[in-house]
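The data blocks that follow each hold one structure.
In the two complexes that follow, chain A is the common piece, with chain B as its partner first and chain C second.
Right, the complex of A and B next:
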């Protein structure tokens, strides 16, 4: 953190006003521990900082690696490679519904065990190199071709190596820290409680994009983690600021609510009644108004949760979008985007879901170019600080939580 | 993954009453990759005419599609759906951007669902 005299010393904090639209210092007042200072840009370009994130955050935290939508059948598996940790994980769901991740590594000579992305669960996972087979139920080494040729003192040490695994509402998390003592429930804390009863089962994953980008993972996350940019950035953004996101009399968006939830946080936005959709938007929706009725128990049409360390879980009208922002190098990231909608039951609903997706996808495409441009600017080191305003409070909270986690704070 | 797409169809079966959409057979494309490619490579004026023709008949087309369950779709209904999905794909380009590409945006080709072909 850079220590600069940025706080005007004569200005008294003003509390939230009735409608919250014109209140200044609303979030600085509500969360004084977050401060109002600029943050250092070093954290986006430093190899040392990236190494610390690898060792102190990703190797020691619960990380979301998928959801029940990744299983093609009731008993099934998928493979998740986590580049920042240098691991490949075989995530298995057995007939009883239990989910367990293992290192996707054969105990014989270290071959990557399963090369497919996903599939129905076999009885035995067989290595393609020499055919060693592992029971799907528990990862135990079940069969070795030409077994008498080997010298074993204790074959039970050759079972697949399990990884701490747990699930919450269909989302699958792993923790690579075998010595860690915080369970998933504790890690999710108030966020887990807030969304404990959310009807996630109403939504299916309809689209997934894995977008490579030359930017630090936190640049991508920060860029998405505010709605300040919505009236300014680009055409679809500006279009949505015409009411899909509420704007005040000056045309600026406003965070409606913001809550710190342990390691996580959430902000929401209202919408305005005067939003005028495009001709096709209006015409398409008019053919099937029932599909547009909100089916999710949301108080506002937009809610954006950051799930520490690298996940976003957000709702926008009848959809849920999640981001898993995967660091690969200090300036290389894969932005994994998942779009969930109520499952279309007929072809007209298929069209309406496609419309929601196309518009949102174009919105993200507008955002994505900015991520790489941001990284160029940060790398230039023209500036060594990054200033954040009231409407960017969730960005501030994220960096605060990140620093805390590196200091050993776990909730 | 290959980035070449097959040549678009020149004639397609369509449900009764929608044969007139046959002039837009080239838009009955299979999958996001092909539709994005068509959006990006078709002159915006041509996309606009296609969009306008479909928009005018959206109530009739959608009324028909409402009656088509997602499973066990006939070839004719599938083609009608594909044409509608292309109309959706070009809608932003026509209505908001007034050009094919996302201005100052990333390459739209990066945004092809990895689930394509599995849903």
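Right, the complex of A and C next:
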């Protein structure tokens, strides 16, 4: 197996020269630091690489674990088990609106404290094993049944263990690294500023799919991280509207804009305002709701942000979707997909949401089959490197950031 | 009826049953695809405008030929690209059937064979 420290050798790029409107070295020229070299197969199949990702990235980074929409009421909790971090988290929002995550572990014998997925916030969280109770407001140990039977030198050390928690525009992030990494504001950097004001709180209708995949987590992310495949993948993808995914005369999509935003990045698709769709395309486009005054921050009809390390925040035709791509093992992933829509104001809008949701779900089913097929090819080790093109620049940027982060360059 | 001049015999009509296509090579012409859509013959270029592969290896689905390489489609009655990834049209050519042969003709109107 290739030495993981040795990146594939630099090679002189061989590809079409820059050519006016169809410039093909646009991103390689704009972002020379990303290079043009191939990408190693090892990083998708090596247990050692996966372990480094777990320790150096996921355990030392801000990770999105949900949003304010996950609380069933104003003061409430939800439980989040995160395998790659090896933890169960109890995320609590109290009456004052403060959100705090704790390790979901009873201080008595280490039992998983709360087993329900979510619920209204009680005054005291009680362990179902022996009934030890913890205050919801601050996680302090509040009651111990038959307390006199115990030998405590310092009971105050037995509160719930808090986890670094912060929120951004309604999204909840945690960081298992207590103090070695920057705060959330710095972590999100220019991406956080760019999207700080978009009205996420208005997108209250949410659908969630947790898709188990036999593939490395980066396979799913990479596959979603380009639109080169859009006109090719059949049967659903190629019917995506040219209004959002314009193809040039040769039938190919083009990344319209690409920006590195600290550890994060965003690309938008080239669109065509004058696009004349086919009848079926018009019917498909009509299933994307247009909700009156609500305007999402769309430079184009499709904008795809990767929030390092494993979150995607994307806007598509005035609706929004997010991914959280959760590594379970080197070749096992849960692709958490959430579709976000404004609350419909009439039946017609409600029907449109249902159509849009179903259409999008079918689209992603097509993707999922591709992800697992990709892993088969990578696992075979038939090749130890793979190549990326100009239109896959955001994949390149992600792997560049991942390598840097594991090497301790964390912004 | 528009006057037509028979330019080139392409094949016996019996060689192209309904729902079938046939690639034909004749000197001085690009490879052409003779298509039989419900008993009506149409002729288009055999070369997919997208991937530069022969359309003769694809399926004729109604009046659309589907390229075997990337599954793009073209309407063989007018050459228009009808499904991604194909975008550019392919050339269509007028044809007639005379005495059991499919002929390329020089009339832009063509005839119903």
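Everything below uses one rule, namely that the second predicted complex is superposed on the first by the 360 of 411 C-alpha atoms of A that agree within 3 Å, B and C clash if a C-alpha of one lies under 4 Å from a C-alpha of the other, contacts with A are read in each partner's own complex, and residues count from 1 in each chain.
The rule we apply is simple: contacts are C-beta pairs under 8 Å (C-beta built on N, C-alpha and C of every residue); 3 or more make two chains touch, one makes a residue touch a chain.
What you see is a predicted model; the values in this text were computed from it and never measured.
Set against each other, chain B and chain C differ in how many residues of chain A they touch, and the higher count belongs to B.
Legend: residue contacts after superposition of the two complexes on their common chain; A:157 is shown touching neither chain B nor chain C. In the superposition on chain A, contact of A:354 is made with chain B only, not with chain C. Once chain A of one complex is fitted onto chain A of the other, the partner contacts of A:234 extend to both chain B and chain C.
Shared-chain residue A:249: touches chain C; no touch with chain B.
Contacts of A:143 after superposition on the shared chain: neither chain B nor chain C is touched.
Judged by the touch definition given at the top, the superposed model places A:257 against neither chain B nor chain C. Residues 234, 239, 278 of chain A contact both chain B in one complex and chain C in the other. Residues of chain C touching chain A in their complex: 50, 70-72, 82-88. Across the interface of their complex, chain C is touched by residues 231-232, 234, 238-239, 247-252, 278 of chain A.
Remark: chain A residues 72, 205-213, 234-236, 239, 278-281, 283-284, 286-288, 344-351, 354-355, 358-359, 361-362, 364-366, 368-369, 372 touch chain B in the complex. In the complex of the two chains, the chain B residues touching chain A come out as 51, 55, 58-59, 62-63, 65-70, 73, 77, 80-81, 84-85, 87-89, 91-92, 95-97, 102-106, 108, 110-115, 118-119.
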